[in-house]
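Below are two complexes that have chain A in common, paired first with chain B and then with chain C.
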Partner chain A sequence: MDLVSSFTGLRLDGRRENEIRDIRCQFGVAKEADGSVLFEQGNTKILATVYGPFDSGDNDDDDGDLAVLEDPTAIECEFKLSAFSQQDRRTRQGEDPRSEEYAEYMETCYRVIMFPHKNASSIVRLSCQVLQADGGHLAAALTAGTLALIDAGIPVKDLIVGCSATVVEGKPLMDVSSQEDLQRLPQITVGVIPRNQEIIVMDTKNRFHKDLLAPLLDAAVKGCTQTFQVIEKIVRDHVRKAAGAMSS
Partner chain B sequence: MPLLKREMDMKQEEDTAAIREQPGQKTSFPGDVVFSLDTISTRTLFLGPGVRKEADNLIATRCGVLRYRPPATFFLDTSDDSYLPATGDDIVGVVVRRRGQEVLEQYYMVDFGKNTSRQTGVLPILAFKGATKRYRPNLKKGDLVYCRVRKTTVDGPVRLTCTSNNTKEQFWGPLRRTGALYRAKLSFVRRCLTEGSAEHSMIMEVGAKFPFESAVGLNGRIWLYTGFEKSQNLLYLLFRDAEEANGDVMLIKKITGRFLQETATLGDDFPVEDNTQYWVTRVA
Partner chain C sequence: MAAVSGEVMVQRSAADGSQNDDVEMREVHISKPNTVRNDQIYIPGDIILDNTEGQWMDGHGSYYSVLPGNHSEIIASVAGLRQIFTRVVVVDPLKSRYSGEIGDIVVGRIIQVGRKSWTVDVGAQRHAVLNLGAINLPGGELRRKTEADIGFMRRYLQEGDLVSAEVQKQGADSQLLLHTRSLRYGRLVQGMLLHVQPRLTKRGKGHFVSYETFGVQLIIGVNGAVWIAPTQKQMNVPLGLDAGEQQRRVQQEDYPEEEEITLCITEEDAKKFGAKDKSKEHTTLPQKPAGSSIASLEVRKCMARIKNCVEILNREQVPIHRESIRILYDASRRYEPKELLIPSVAKEVFESVRQDLREQNPTA
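Up next is the complex of A and B:
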């Protein structure tokens, strides 16, 4: 089956090449967490929870060590792919290298937008649990994580939004779904600050020619801008509701 | 001199006008420019939580509504519910553990976070009124303590104390274990402590007719104590209902009336046993 129909020009899930999937999110789902969001992008569903900020414990033992030179950690991320999230139920033994890599990407991203030096020795724990996997996990996790940070009221400079892109027969496709993901096509995921289009992280998957990089990046960044417009509207509506409760 | 003052007043009025012109009630979003500083003449700014200055703009770092107090105080009013310690806040904390080697250098780790054991401060073991090396409160893990934030620093622990140089009264100290701890929203707690609010007058009205002890911590914890089982439960429910009323004056009055009626008609109440000795004398 063709990923892009030669007849209609539509993808398998009925989108055009430059369309992202529907985004829905729900704030404050986990009551125990300081901030949480249930983020859905198409059929990909992620639960992001934020705990903290709390004491990182660096200053606990007064052994006279100077921890000043070290860079403050600010955030610890965790990316988990649930056993039930994919088509086949699989429980992994040991640690998953991909998840760890994703967690590291998230940490790099959020450290850029947070203020690590303003609250040294305090730490924020962010965990992204994939409940339904339908492609674009890293991209969705990056977006969901930012929203959870906002929900927790942690000061951030700006937002980070993720988007993935792939290329089929020379045509770049935005926001990869799992059907496209399975084809071992060139794929790229970026984490972008959409306001100034600054790329913070980039993850590539499968081999591809360097000439494809420019159109892929272009598509991914455009996808980020689209995602940003959607989540901006969602968050503003959410805040407006909360602000109504605030004044009363 | 008067002329200068008038000029300054005029300038301030202009500033206020300029600020009014900018969208005030707009909700902002991290990264938004919430306010442009080239429209006002004052150069000294007081920035509260949620805003930061970059070049000539104020930029939001959280979601919320920009609030302005003349002449140049800006902060972002947010609906989120996490407590940030500030010097002078009275809080209700839970003792987590005791640390340190020498008796004089020992301190209690006290948790005062909105959720349990995420935010801790240090309370020196002798930072109680009248405490000496031999006669001092002996707090165990899980004990409640009403204390004041003495100092907060960027990279150190939050320092707490139960003493004060300014007042002779002794509010702070260990709280009875048999009291009830109610966890409220921060906004509710702040309203409880604001004179003139419905919640504050509720506490005053109830307190005039019905004896009870309470400690309202700005970290969203309210400790309640009557010494009797039924009435303490009723008191707890009163606070819960008052929080649900969400500042509705009429509703709170109604709840207060009902509470007073219920306590008046209360049958035999069981005293809550509390034999804990917090202050102990140690022989060397």
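Up next is the complex of A and C:
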């Protein structure tokens, strides 16, 4: 089975090489959280929830000590792949190294866009739970996390969106689905600030020749720009709707 | 919003064709009078104003960015509506945590008893602090707090207790300092606490609401915590910290085997330090204070109805104050309090007074 049909030039799910999957969002789904979003990109479905900023509790004013200036972490991320999210149900023993790595990527990203000095001794907790896994988890989690931060009203300098890319027979494909993911092809995922095309994180999967890096990066960053255009419209529409409901 | 003269609007680079979208959105806006103007909506990263001449200042929800070539801009950092106050540019987020201001009346929970202060969770970015010096002692005694008082702190307020307090000042790192130096404030006993969006409990005068006819009083905390309790008349509960003190004494009388072992210093020790004999103070109080009695069924039903009304207002994004609660309360009388939990009933009741509620809140 070809990933890209030699006859039509379409991928298995009917997309072209430079097409991302449909994006749908639902804000404020978790009532208890400060901000939440149910983010869907194709069949990948992620629930991102933000709690905070709340007191990190590591300051004891009663001692009268000078506050020790520690690393202003400001954000703690969590990435979880639900057991029921994949084709075969698997329950992992212990911590999943992949998830920890993804969580670290997310922290790196959001630390760039947040204002740590405004959140002295307080912390933001962001959790991304994959409910349906269909490829591009990290990319979707990065985008969903940004949307959840915006929903919580936490100040950020700019949006960060993620996109993945792979190469099939020399042709770069953007936004990898699980069918494409399964074939051990070269794959990269980037977290980008689309407005100035700044790449914050990059994750590679499987071995590939260095000459492939440039086309892969190009496809992934272009995918981010496309994702951004969709996300931007979604956020604006959401704000307009919510503000309209408030004023009426 | 007042139009600002000399306002320079900078369009985002429209290479991605977003300008076409903008035109479409404007057309939608014309057909609906209640929707928000498109040029007021900003999302993080949007350039609000060119600030090369330094005439604008960045307020909440915006930041100042210096670009190469002596350019600078004011950029949005939250998604919401832009407002300009003289020179300060502000973007109002749709929702955010409570951020305190001096004079705010808040309802919070004690989470820690420190050496000279209590740590209070008020739902803000950081925990608030209630200093020992910022409370009124039980019995209304006015004096400097001694070492012995430090030992008695847990007797005044324990972990898990609810207090109403006022924000006295804001610390350097956005930490709030509270005080309860008024009979209106203090430990809260017998009642219900519910949380609403802090945006809906605006700062104003009527945070202590009392519906004498129903026998119910409310404390609408600016931090979004709403306390519903029977009125003093109903319960004959003394105000302030005395309430907590008496309640505990009654509990001890009811369950004498449960001794209070959480005290840091025993009363004998306290006497040694020269503190007044606490037990003597209490002999002046009624033998069995009515604070332990339970409010009548009628009052409890009223409380339940008010609680359901507040929840409906919260869900429908209507500001919560004396009048809005009263309007919804009156409209809901056709139903039993518990029936208001049914979504269709709640919707029907709300729709019947939607117009009245809107007239109450001419917010634009």
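Quick notes on this one:
Definition applied: the second predicted complex is superposed on the first by the 239 of 248 C-alpha atoms of A that agree within 3 Å, B and C clash if a C-alpha of one lies under 4 Å from a C-alpha of the other, contacts with A are read in each partner's own complex, and residues count from 1 in each chain.
Throughout what follows, contacts are C-beta pairs under 8 Å (C-beta built on N, C-alpha and C of every residue); 3 or more make two chains touch, one makes a residue touch a chain.
Remember, it's a predicted structure, so these values are computed and weren't measured experimentally.
The superposition on chain A brings chain B into a clash with chain C.
By the document's definition of touching, neither partner reaches A:Ser5: not chain B, not chain C.
Contact with chain C, but none with chain B, is seen for A:Thr225 once the two complexes are overlaid on the shared chain.
Shared-chain residue A:Asn206: touches no atom of chain B or chain C. Touch criterion not met for A:Gln26: it reaches neither chain B nor chain C. Look at A:Gln197: by the touch rule set out above, it reaches neither chain B nor chain C.
When the two structures are aligned on the shared chain, A:Lys233 is found in touch with chain C, with no touch to chain B. In the superposition on chain A, contact is made by A:Tyr51 with chain B only, not with chain C. For chain A, the partner with contacts to more residues, out of chain B and chain C, is C. Of 27-35, 333-341 or 351-359, the chain C stretch that intrudes into chain B once chain A is superposed is 351-359 (criterion: clashing C-alpha atoms).
In the superposition on chain A, the residues of chain A contacting both chain B and chain C are 34-35, 52, 54-55, 113, 115, 119-121, 150-159, 195, 232, 235-236, 238-240, 242-243, 245-246, 248.
Residue ranges of chain B in contact with chain A, taken from their complex: 25, 27-31, 49-50, 52, 59, 61-65, 77-82, 113-115, 118-120, 154-157, 187, 246-247. The touching residues of chain A, when paired with chain B in their complex, are 32, 34-35, 51-52, 54-55, 59, 113, 115, 118-121, 150-159, 195, 232, 235-236, 238-240, 242-243, 245-246, 248. By the touch criterion stated above, chain A contacts chain C in their complex at residues 34-35, 52-55, 57, 60-62, 67, 113, 115, 119-122, 150-159, 193, 195, 225, 229, 232-233, 235-236, 238-240, 242-248. In the complex of the two chains, the chain C residues touching chain A come out as 16, 18, 21, 25, 32, 34-36, 38, 41, 43-45, 61, 63, 75, 77-81, 93-97, 114-117, 121, 125-127, 129, 173-175, 317, 358, 363-364.
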